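The next part holds the structures, each set out as structure tokens.
The following pair of complexes shares a single chain, subunit A, combined with subunit B in the former and subunit C in the latter.
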Partner chain A sequence: MARTNRPVSRRQAWWLLATALAASLPLAPQVPLWLSLAAGAVFSWRAALTWRQWHLPPRWLLVLLVIAGTVGVFLQYRTTMGRTPGIALLVVFLSLKLLELRAARDAVATALLCYFLVLGQFLFTQTIPTALLACLTVLITTATLLAASDDRPQPLLQLRRAGLMLAQALPFMLLLFLLFPRVQGPLWGIPQDRISAVSGLSDTMSPGSIALLSQSDAIAFRVQFKGTVPPQSELYWRGPVMPSFDGRSWRVRQTLGAYTEVPYSGIGAAVDYEVTLEPHGKFWLFALELPATLPADSALTSDYQPIARQAVRNRMRYAQRAWPEAIAGINEASSILREALALPRDGNPRMRAIAAGWRAQHGDDGAAILATAETFFGQQLLIYTLNPPLLGADIVDEFLFDTKRGFCEHFAAAFVFALRAAGVPARVVAGYQGGEVNPVDGYLVVRQYDAHAWAEAWIAGRGWVRIDPTAISAPSRINSNLASAVPTEEGLPFLARSDLAWLREVRYRLDAVTNGWNQWVLGYNPQRQRDLLAGLGMNEPDWRSMTAVLSVLCGGVMLGLTVWILRNRLRVDPALAAWRRFTARLARRGIVWQPWEGPLAFAERAAGQAPRHAKSIVEIATLYARMRYGPAPQAGDLLQLKQKIAAFHP
Partner chain B sequence: MLASLRRRLHEIFVRWALRVRPPEPAPIVLTQRRVYVLPTRAGLAYGAALGVMLLGAMNYNLSLGYALVFLLAGLGIVAILHTFRNLVLLSIRPGRCEPVFAGSVAQFGLLLESQRPDARTSLRLFFDEAVPIEVDIGPHACTATTLGVHAAKRGWLPMPRFTIETTWPLGLIRAWSYAVPELNCLVYPTPAAKAPPLPWSSDSARGSARDGRGADDFSGLRKHQVADAPRHVAWKAVARQQDGPLLTKLFSGAAAQQLWLDWAALPDTIDTEQRLSILARWILDADAAGLAWGLRLPAVRLAPDNGPAQRSAGLHALALYSHGAH
Partner chain C sequence: MNYNVAQKHIIHQRPGKTPNPMRLPELDAILADINRIILGKDRPIRLSLACLLARGHLLIEDLPGVGKTTLAHVLARVLGLDFQRIQFTSDMLPADIIGVSIFDRESGAFHFHPGPIFTQVVLADEINRATPKAQSALLEAMEERQVTAEGKTRALPEPFFVIATQNPTYQIGTFPLPESQLDRFLLKIELGYPDPAAERELLAGADRRQLVADLVPRITPQRLIELQNTVRAVHASPALIDYVQTLAAYTRAAPRWQEGLSPRACLALLAVARAWALLDGRDHVLPEDVQAVLQGVIAHRLRPTDDDARSHAEAVAAALIEAVPLP
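Up next, the complex of A and B:
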């Protein structure tokens, strides 16, 4: 093999600079500012070197710079492993590699680094704009690879050729994407840093924690119902259940006794739906109350909360069934009931006193106490607001009797406190309430501002009963949405407002596109792959059959392209083909055309040997000779030649 | 040891790969059966990088990462096809090859003909271990190129096997083929750097004639040609024979000399190759001086003459001289 390691030309240097810029610019928000500035400085340096045709910096300087960059990244993150430090290191290497472009080999290495950085972008975001940007970077990088092996063509031609080759690669990409046996990651360890700060419910609830979420219009999950969408007021998406209270915060139970099947049975109609859950970094899954089935790899806690085996770090999709009218926990364990009655020893004396009165009046009749409590909350004329005043030590008393303004967590906390104080087991349930149906694709979208908290009380003979104290004071929050329940002057997230119809329309469409992207591109996982292949008629698709089908299809595409490549050999000039038919006919009469004979000379000889056909022989030969050797051939010539030869029967 | 094993394996592969017993009849068409395709080092690095990227995409469950890796894998496959297409069905014909002296570089001419409607770019041709020559061939075009090889020995030098390869367009894949066109280069013996003076034969009457004085010496008559100077017309001879053709007097110096470059004239102590070298030097010197000369070899006799044809004939005889002819 002849190894030509040519030096990098000026034009190639420009190409590499453009590629490096295209690959590292989208990462600028992810790497520290000093690194962005340093990389920018190195790029400018490289541009100056290329422009002025100066010499490359000496190797010892590059080694020093690499060490400095690595140390800088280490000092920044205290590690060089993981996502962000890794990407930062790649940016260091890429920018310094630009100063070391000595041979074609360095150019290839730089291009490969750029491909890596494109993958690096996907660690942070995989939205449609990111994908489009990545397409552009890949195009430029591929054009750079082209330029590395032949730098003569103009930049636009290089880009065009790169585009053409990438377009030809698309069928392979599609086949591989659909059929390459997928593995559910992670392969090693758990990429802890995959999800950094995502908003969502946490495992504790204190005054103001859910009101904070109401400022976010990030999507929590999307739901596709199999039948009609249940009414808004029934869409209670059960999340973390919080039975323990320390006087200020509510917490989920630390030890999770879990069921693998639901411990209750349903009555009434079931609701079937599929949830596409955005990653939130916690274990719980959201389900319409009460869940009738459990998604794969999940279990149910003793307070009926579905829990995944691993924290939800990737967007996940699960099918679910709900029994809206299930009766659960009639024979509840005494330990759970004891826990649902526990209260701190002191605090909130006013509420405790009132609850003691209910207890004295109704005794053990939980249903009666519950009704009394609901009436009591209605009479307090509480105001539902996004901006509740700060509360002191006795949060329940101050909310109910002094400030009277609160968000759902105030309502739920106060209500559960009141029930417990009156001797009725109760607990706080956090989750989401409602959602918005996107008319474009029919998905119900639940956003962070739909976060909600409500109460659950245990009544002898009826089991656990849901009561939403917010609904008592602000029924429109439950029946319609947040925007209708809070005063208009309060700051709502832009998307939560219901005016601006055209904006909503735009948002619906954008959201439907994003959802399609999430469902079919980003959410194409082993499960979806199996479903798709089963839908296409593959029984029990496993990696063997997938690989087989993949190989056959890729082989087919390759074969097709190869035939296309060799097609020129198969295609004979049509005039020559007609002429060959003509000479073959004469050959049957014993007049054989010799390859060295010109058409006119042959015609003269043939006409002499077959005088009866002399006229047509000479005509055909003259026409053919004119097409072959004459000036610009005329339009009808070929057709005429074909017709004459077809009519020629010596 | 390892290198020699590698070389031998390579030789076995090439012999198998050529499929035709060399030299091959023209035109040599590089059919798909004799064009080989393998990744280059850059291609292997590309593949390894894709592997690492695939692992990353799996570990972090990056759907777009999968898409990127698969797109680049597709690009690799497409590169195979483009590279293959750049070389396949190229037709090679032997071209001209001028004789050279041993010790210099024999230039083998080749005609590369492409019947494709688009250009072939960056084809590299080279003999083993030699510096490649890079050519492009336009659409439906024919390009002439020459490949040089060091000519060590006099005689016929057959064109050695050469490799034609391309890594265009991405440099990730290398397509190559071997060819041995039927083309021979005549290699003359190296002219001796130091040679005895031209051997004027002892029977020659005027040994000093070659210094140019002889230009006035009458040597004969020939039919007058328009370009001949009027003062050289042999008027006396014309007058002697009535109605005869106009005759021109010929004058010449060295042409009249009998210069025989004789194998046997050299001392016996000089070996065959040395003799041939000296004879080659004599031929060159005599030719440069415009002398007419004859050549005597043990089995060959070349009548005295001058000019390029005589020079070629003489050197040709020297190049192909063999003991068997003794």
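Up next, the complex of A and C:
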């Protein structure tokens, strides 16, 4: 091992510089710009010092820089605690430590700091590219650590050595990952500073809000169905229900969960599936209409939307069952029905007038009014478009009678308004519609551009009935997908377009890999671990038995690696094996063969120590030396050697 | 023969103790002759002969007066070879070594007068006192075994053996040989002071010059070339080559040295070990042979990173041997 006060060589300095760069570059987007620039300047400074072989800066300057960096981080965040300030501080320290590489111990400390920064990347993202990048950085850091003790081998050789060491560590890593008792919660359970810029549905809906989402191909959630995937037109993923309307926007009711189990009973076949929900910062859990079961730690709102007890800030997986034909709300509370009829006092006079006509014609017959409204919407020849014109104060009237162009929120809002104006309780339901089955792994992927809004009307005797006004004007939106419903492929996200077959194929595969990573690596929780162990025949293991299994398996791997390394030794020359037996016998007499000692040299020493056996010792050693090092052993040599050794009893 | 390498790898010759059918009596006679004149220096003498048999050149680093010249002289004498001595000085020119063409007025042409290097055994005394220019003239001749002067290439006699001596480099007025040139010497040995008993015999005994003059050649130069060819045929088994490789790999990986042994150094190690095995009357090389010659091979090739170890070549070689198990 290197002595800790050995000076750092030029090559070691280059290694450390490369490692520090590799470890801190991926963090550049996380730390403030001034810090990235400052760190870059320090790296360049260090490179110049190494290149020109100038002296390192004096200690007082370093102390000043450390203070300046720390104060800078504090001023930026008003704290030095927490994820981002902590990482920023580490970047400050790492870059300045490079200016202080005097002895081998500085090099080791720098390398260890780099390992820590690699870990820091995972506090921000846990994707496959992050993991691959981290592996690469760990490789470079390990090579640097090797170079800190011996920097003579070529860089490639050094990397190879490091790679071999990491490869040997890999089985242990896998075993520990699979078997070390997991803790509940995400692997990177640091509370996030805040959920920001996560696209997804919001708790209000105004014209244009969902159309905005159609620009995003980010994944909302993935679904794995237990049986066959239901037809596209039945995939209504219920999200926030918005009963209150202020003339422009629709809002959710600020209530908490009302039911801990579903207040209706199922009719017809159930659909079982499992959702892997991407974090979106809200409480909502999306479920196929209508949910029959509730995931753990969740409740059902009075609008039949499952919500979690805590905001979904980490990727979450839950099993679900749906009753597509369930009837809900036959005996709906009057307060809810009142709310579903509320309208602003004025606005949209043309629609109000027509609705009043329906009311006059059909009276209290909600079903008839609903049918009339559907016919009316069909006759308006509305156009489904991603780029609807801007609307003025009377959004319903202007959409229905003037512009006639809208996205799903226009359709849903106008329809619910019409029903309410005609005295039928109705509300807007937001969520996602459809999704796309990835043929590679069979998961249904629902993306942000699948966001949708539809209407729900309450009909006496039938409860809440779903009507999708978009389907009346643009049925292909519901039956296939967004791309087929929008006239020309106007402004669609790149990935939503259907004309690039190869791109879709690539996307399917990438997405299947990402999903596998999410499910099996990031989502490897105590439940998954229990399932895996149960599959291995260990039911409900406690920490003792798990520790035992872990130790045994690690021991096994260690043994396997040892055997692999010793394979050359195990495949020994029979003469050498016989020689080892011979030396073992002498060792019991206290005459120990040194592994570097030549046979004749050993024989002479041993003969001196055991003169009684001098003759046979010299004979055996001479025979062995000739067999192992001589030109061509004769036929009987090995037998003769074995016999002599068998007869040798010191 | 004492193979006990642990005791600092001093291998003393005790002829006839383990009679070996392969033993060549003429080699024993040569060694006995030299040992009679240079007393108590069995190991350096054996190494010198091994070096000669391996067709290499020998570098001796030692103080004046310990018998370097006598060794060269005796070797030449018992092997029946011509001998020349070149005393290197700081004003020496290449022509002083190689020779010079002089205009002959009678024939009207230049005649080449060969320099002292045209001989079979050359003693290049105090080689590091000459300028690099003169040094390189000698070293090129050693490497090529031929000399080019005035555009004409002349072969040097066969066998051709250079024994160069150098003063310890800490002495003033020296031009240390660069590593690439040191590498042209197969072995570097030290003679050292004789032990008291040998010194007493030397002081009390007959005049060394007279003894040298009385020596008769034991073999012919032709026989020497045959013996050199026999050395090349000494068997080195795969296990032994593994050992040489392991040694080299260790020197390359250990931080103790600035650079490891080069492939050429490994070849040198193997060549000297073969000659050493033949001197012991064996047709194959043993690890003991490699260990016995290791110090002479690495002494001028491995530069320790640590200055303390520089002066203890013996301890360095011992540590290397003990660090590398036999494969």
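Just so it is clear, the second predicted complex is superposed on the first by the 526 of 650 C-alpha atoms of A that agree within 3 Å, B and C clash if a C-alpha of one lies under 4 Å from a C-alpha of the other, contacts with A are read in each partner's own complex, and residues count from 1 in each chain.
Keep this in mind: a contact is a pair of C-beta atoms (placed from the backbone, for glycine too) under 8 Å apart; a residue touches a chain by one contact, two chains touch by 3 or more.
What you see is a predicted model; the values in this text were computed from it and never measured.
> In the superposed arrangement, does A:G523 touch subunit B (first), subunit C (second), both or neither?
Once the two structures are laid over each other on A, A:G523 reaches subunit B alone.
> Name the contact category of A:S149: first (subunit B only), second (subunit C only), both, or neither.
Both partners.
> So in the superposed three-chain picture, is A:I383 touching just subunit B, just subunit C, both, or none of them (first/second/both/neither)?
A:I383: touches no partner chain.
> Counting touched residues of subunit A, say whether subunit B or subunit C comes out ahead.
Between subunit B and subunit C, the winner on subunit A residue contacts is B.
> Should A:L341 be classified as contacting the first partner (subunit B), the second (subunit C), both, or neither?
A:L341 contacts neither subunit B nor subunit C.
> Looking at A:F116, would you say it contacts subunit B, subunit C, both, or neither? Reply first, second, both or neither.
After superposing on A, A:F116 lies in contact with subunit B but is clear of subunit C.
> Contact-wise, after the overlay, does A:L170 reach subunit B, subunit C, both or neither (first, second, both, neither)?
Only subunit B; A:L170 stays clear of subunit C.
> By the touch definition above, which subunit A residues appear in both interfaces, subunit B in one complex and subunit C in the other?
The answer is residues 2, 149-150 of subunit A.
> So in the complex, which bits of subunit C are touching subunit A?
1-6, 235, 237, 239-240, 252-253, 255, 258-259, 283-288, 291, 321-326
> Spell out the part of subunit A that touches subunit C in their complex, as residue ranges.
Residues 2, 149-150, 152-153, 573, 576, 594-605, 625-626, 628-631 of subunit A touch subunit C in their complex.
> Could you list, by residue number, the parts of subunit A that touch subunit B in their complex?
Touch residues, subunit A against subunit B: 1-2, 4, 83, 104-105, 108-109, 112, 115-116, 118-119, 122-123, 126, 130-131, 134, 138, 142, 145-146, 148-150, 161, 165-166, 168-173, 176-177, 180, 182-188, 191, 194, 314, 521-525, 554, 558, 561-562, 565-566, 568-569.
> For the complex, give me every residue of subunit B touching subunit A.
Answer in residue numbers: 32, 40-42, 45-46, 49, 52-53, 55-75, 77-79, 81-82, 84-85, 88-89, 115-117, 121-122, 124, 126, 130-132, 163, 165, 167-172, 174, 176.
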